[in-house]
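Take a look at the following structure, please.
Lettered A, B and C in written order, each chain numbered from 1.
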Amino acid sequence: MQLTELARQLALEHRGGDVEIRGVAPVEQAATGDLTFVTARKWLQAAHGAAALLVSSDLLSEAGAELAGRPLLISRTPALDAGRAGLLLGARELRVHGIHASAVIDPTARLAEGVQVGPRVVIGAGVVIGADSVIHAGAVIHDDTVIGARCVIHANAVIGGEGFGFEYVDGAHRKIPHLGIVQIEDDVEVGACTTIDRARFGATRIGAGTKIDNLVQIAHNVQIGRACVIVSQVGIAGSCRIEDGVVLAGQAGLVPHVTVGRGARVAAATGVAVDVPAGVTWSGWWGGPHRENLAQINALRKLPEFMKAMRAIMRGAEPSGG
Amino acid sequence: MQLTELARQLALEHRGGDVEIRGVAPVEQAATGDLTFVTARKWLQAAHGAAALLVSSDLLSEAGAELAGRPLLISRTPALDAGRAGLLLGARELRVHGIHASAVIDPTARLAEGVQVGPRVVIGAGVVIGADSVIHAGAVIHDDTVIGARCVIHANAVIGGEGFGFEYVDGAHRKIPHLGIVQIEDDVEVGACTTIDRARFGATRIGAGTKIDNLVQIAHNVQIGRACVIVSQVGIAGSCRIEDGVVLAGQAGLVPHVTVGRGARVAAATGVAVDVPAGVTWSGWWGGPHRENLAQINALRKLPEFMKAMRAIMRGAEPSGG
Amino acid sequence: MQLTELARQLALEHRGGDVEIRGVAPVEQAATGDLTFVTARKWLQAAHGAAALLVSSDLLSEAGAELAGRPLLISRTPALDAGRAGLLLGARELRVHGIHASAVIDPTARLAEGVQVGPRVVIGAGVVIGADSVIHAGAVIHDDTVIGARCVIHANAVIGGEGFGFEYVDGAHRKIPHLGIVQIEDDVEVGACTTIDRARFGATRIGAGTKIDNLVQIAHNVQIGRACVIVSQVGIAGSCRIEDGVVLAGQAGLVPHVTVGRGARVAAATGVAVDVPAGVTWSGWWGGPHRENLAQINALRKLPEFMKAMRAIMRGAEPSGG
C-alpha cells in the first residue's frame, strides 16, 4: 500500500515523498518497505532504515530539521495509529473466537452479548460478565465475581480466590472466611497470571478503565479507582485504597491499609509504607517523595568518599595535631 | 437476625442495645443493618455508620468510653467470629464440590476421603493427597507430590515442577535432573499462581500449618517449618531453611542456602543475603536488624542536608578562612 | 549398586573403599547407603553421614586431607553426574508422555517430531514448535508463537499474550494493538507461571540456550541473547535488550529500553535503571557497580554513628565552646 493511501485511510497528515509500505516494524528493525513510529528524538537515528516514519506533531516541531524530506505520517496518537496501520496492512491481533467448547462455565453464570471465552477458562457460579469482554485461555473466574463490559482478562489470571487472612489462635493460623467478591468495572484489563482476591466482606473493587499488567497481586478488599495503570509484578496488600489515575510502576509494593492519592505516580520497585499524597511522585526502597529520594541516592553515592575525607580532616583537627 | 440471637449462636458476650443485623460489612462501608468488626482504635471512627460492632476484649479495655452505649459483640478472635457471623447471616464461602469431571487425575494418584478437586486441575502419577484437602481450578500437582490433610491449593498454582538448576559445561547450561519431590504437610495453604519446585534429591518440604500467599516462588530443596506465614510475591531460592513460626512479608527475597531462624519476622521487600537469627525482625534492601535499618533510613534522609552543612563548616574552618 | 560399578557406568574416577549405594541424597540428609555430592568445602561437614561423596576435582585439590579415606567419585560436572547416578539407581524425572488428549491444539499449529504436550495445554493458531520440545500442563502458547527444538515450557506459563501498552487519549487509556509475536530459539527453558508478551511489531525474542525460571515477566519487544540465566521473579520491561551470557538474579527489575551488556551479572533484587556495561556485576536498589554499591551499604551502616560523632565534634568546635 502506498503511504498516501495509508494516510487517507488513517485520516493522518502526510509529508515528504510517497513510498510503498509493506508492513510496520519496531524502530531498530525497520528496513525498506517498513513504516515505523518514533515518539522521541533519541530514537530518530535508529529509524534511519525505515521507508517512512509515523511521528507525533510534537516531535515534528522539535526535530523538524532532522525529518526534512523524509516520508512522514503525522499523528496525535502515534502508537495507536501505528497499530491501525499494521492492521490495515494485514497484521492480526490476538483474538478469541466465541466461547470455546473446553471452557467450564457454571450454568448460573451470566455472560452478556459478545463475551468471548478462550479454551480451558473456568467461570464459577453466579459470575456476571458484561458485553464484549474477552476471557483468555486458562483464566479462572471464581464464584460471584462481577466483570464489566469490554474487559480483557488474560491467560491463567485468577480472579476471586480467597484472600490471605488467618487469625492466630492457640498456636495455629486459623482461616478467616472470605465472604465478599471481586467487582471489576468496565474497560479494565487484567494481565496473565495476575491474582485478584475476593474481599472478606463487601468487594475488592477495580475501577473503570484501569489497566493491570501480568503477575500483579491484588489482595482482599483493595479498592482501586478509575483509569489507573498498574505495571507488572506490583503487589498491593489488603485493604489498600488507590485513587483515580494512579500509576504504580513495576514491582512496587504496598503494605496493608495505605492510600495512594489521586494521580500519584509510584516509581518502579518502590516500597509504599505510608499514605502517598495526591499528585506526587514517590520512590525509594522505603518510599518517599521522588526528589528527596534522588537527593538521598546521590548523597549515598558520595558517602564513602565523604566519610573518608571527614575522618582525615578530623584526624588533622585533633588537639595533638594542632 | 437480632444481635442478641447472633451473640447466642456465636457464644459471644453482648453489650449495648439489641438491633437487627442483616449482614457483615467492612468498616468503611458498614451502614444500617450491618455488623462490622474493629480491632484497633484508629478504625473506630470509620465504623460510625454500623448498626453494631464486633470488637476484641482488648479494644474494649482500651476504648471503653468511645464504645459506651453502642451495640457490641465481644470476642477473643474477632476476625474469625465476624466470618462466622457472616456465614450465619447467609453469606457463602468459595467451595469446590467433589471432583470435577474436567480434572485430569492420573490413575496411580491416591486421593483420601473428602478431597475436593476443581475444574481443569491436573494431578500427576503417584501423587498422594490427604483427607479433606481442596485443590482449586487449574492447579497443577506434578508426579509424586505428597500433600497432607486439610490443605488448600489455590487456582493455577504449580507444585512439583522441575527446579531451576543447570551446570555450565563447554559454553552451555546443561539441565540438572531433578529427582526429588515436593512434600506438603497437613493444614498448609498454597496461594494462586504460586510455584513450588521439586528437589534435586529428597524433598522440598512445607511444614504443617504453614500458609503461603499468591505468586510466591519456592525453589528446589527449600525446607519450611511449621506455622510459617509467607506473604505474596516472596521468593525463596534453592536450599533455604525457614524454621517454625517465621513470617516473611510480601516481596521479601532470599538468596540460596540461607537459614531464617525460628520465629523471625522478615519485613516486606527485604533482601535476605545472610542467615537471620531466631526471633529477630529483619529489614532493608540488604537485610539486617530492623532497628538498625530504621536508624540507617533515618540517617539517610538527613544525609543531603548533613553533607551540605558539613561542607559549609569545613570551608569556614579552612586555614585561609581562620 | 556398588560404588565401583556406578563409577564404571558414569565413567568417573573412583577413590577410597567400595560401598553399596542405594540412592542419592542432599548433603544434609545423606545417610547409610546414600551418595551425596559436595561442591564446596563448607558443605563437607554436613555430609559426614553419607556412604560416599561425589566431588569436583577442584574440591579434591583444595580439601584432599579431609577427604582422605572416604569413598569418592570425582567429577568435572558433579551436579550433572549426581543426577545421572540417581537415574541409574532408579529415580525418575518428571516426564510428559506424548500429546495428552486434554490439550487444546489449533489445527493450524505445527508440532515437530518428538514434541510432548501435557494435560490442558493450549496451543493457538499458527504456533510452530521444534523437535523434542516439552510443554507442561496448563501452559498457554498463544497464536503465532515460534518455539525452537528441545525447549521446555513449564506448567501454567503464558507465552505470546498481548503486551501492556496503552495510549492516553481524552482521559482514557486506549489499547495499542500488539501485532508481533514471541520467538523462542532452541534449548530454552521457561519456568512455571512465567509470562512472555508478544511484540507490538516484530518479535519478542529469547536466544538459544537461555534459561528462565518461574514467575518471570518478559514484556513486549524484549530481546534476550543466548545462554542467559534469568532467575525467578525477575521483571523485564518493554524493549529491553539483554545480550549473550547475562545473568539476572532473582527479583531483579529492569525499566523499559535498557541494555544489559554481554556477560554482565545483575544481583538479586537490583533495580536496573540505566544501561549496564558488558562484563560487570551490578547491584543496588538503584543499581550501580557492585563494588560501589557494597561500599555504599557499608558506609550507610556506619552513618548513624558517624553523624552522631560528627555532631558531637562540631558542638565542641563551636566558638562558644572554644
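To be clear about the criterion, contacts are C-beta pairs under 8 Å (C-beta built on N, C-alpha and C of every residue); 3 or more make two chains touch, one makes a residue touch a chain.
Keep in mind that what you see is a predicted model, and the values were worked out from it rather than measured.
Asks: By the document's touch definition, which label belongs to this structure's chain graph: line, ring, star, complete, or other?
Replies: The chain contacts form a complete graph, every chain touching every other.
Asks: Have a look at where subunit A meets subunit C and say same if over half of the interface residue numbers show up on both copies, different if under half do.
Replies: different
Asks: Taking each chain's centre as the mean position of its Cα atoms, how many Å separate subunit A from subunit C?
Replies: Each chain reduced to its C-alpha mean, subunit A and subunit C end up 25 Å apart.
Asks: Considering subunit A alone, which of its residues make contact with at least two other chains?
Replies: Only 120, 138, 156, 193, 215, 233, 251, 285, 300, 303, 310, 317 qualify.
Asks: Taking the complex as given, what residues does subunit C use to touch subunit A?
Replies: Within the complex, subunit C touches subunit A at residues 104, 120, 122, 138, 140, 142-144, 156, 158, 160-162, 164-167, 169, 171-180, 193, 195, 197-202, 215, 217, 219, 221, 233, 235, 237, 239, 251, 253, 255, 271, 273, 285-286, 288, 292, 295-296, 298-300, 302-303, 306, 310, 313, 317.
Asks: Of all residues in subunit C, which touch subunit B in the complex?
Replies: Per the stated touch rule, the residues are 23-26, 29, 36, 77, 79-80, 82-84, 86-87, 91-95, 100, 102, 118-120, 136-138, 152, 154-156, 187, 189, 191-193, 209, 211, 213-215, 227, 229, 231-233, 249-251, 268-269, 284-285, 297, 300-301, 303-304, 307, 310, 314, 317.
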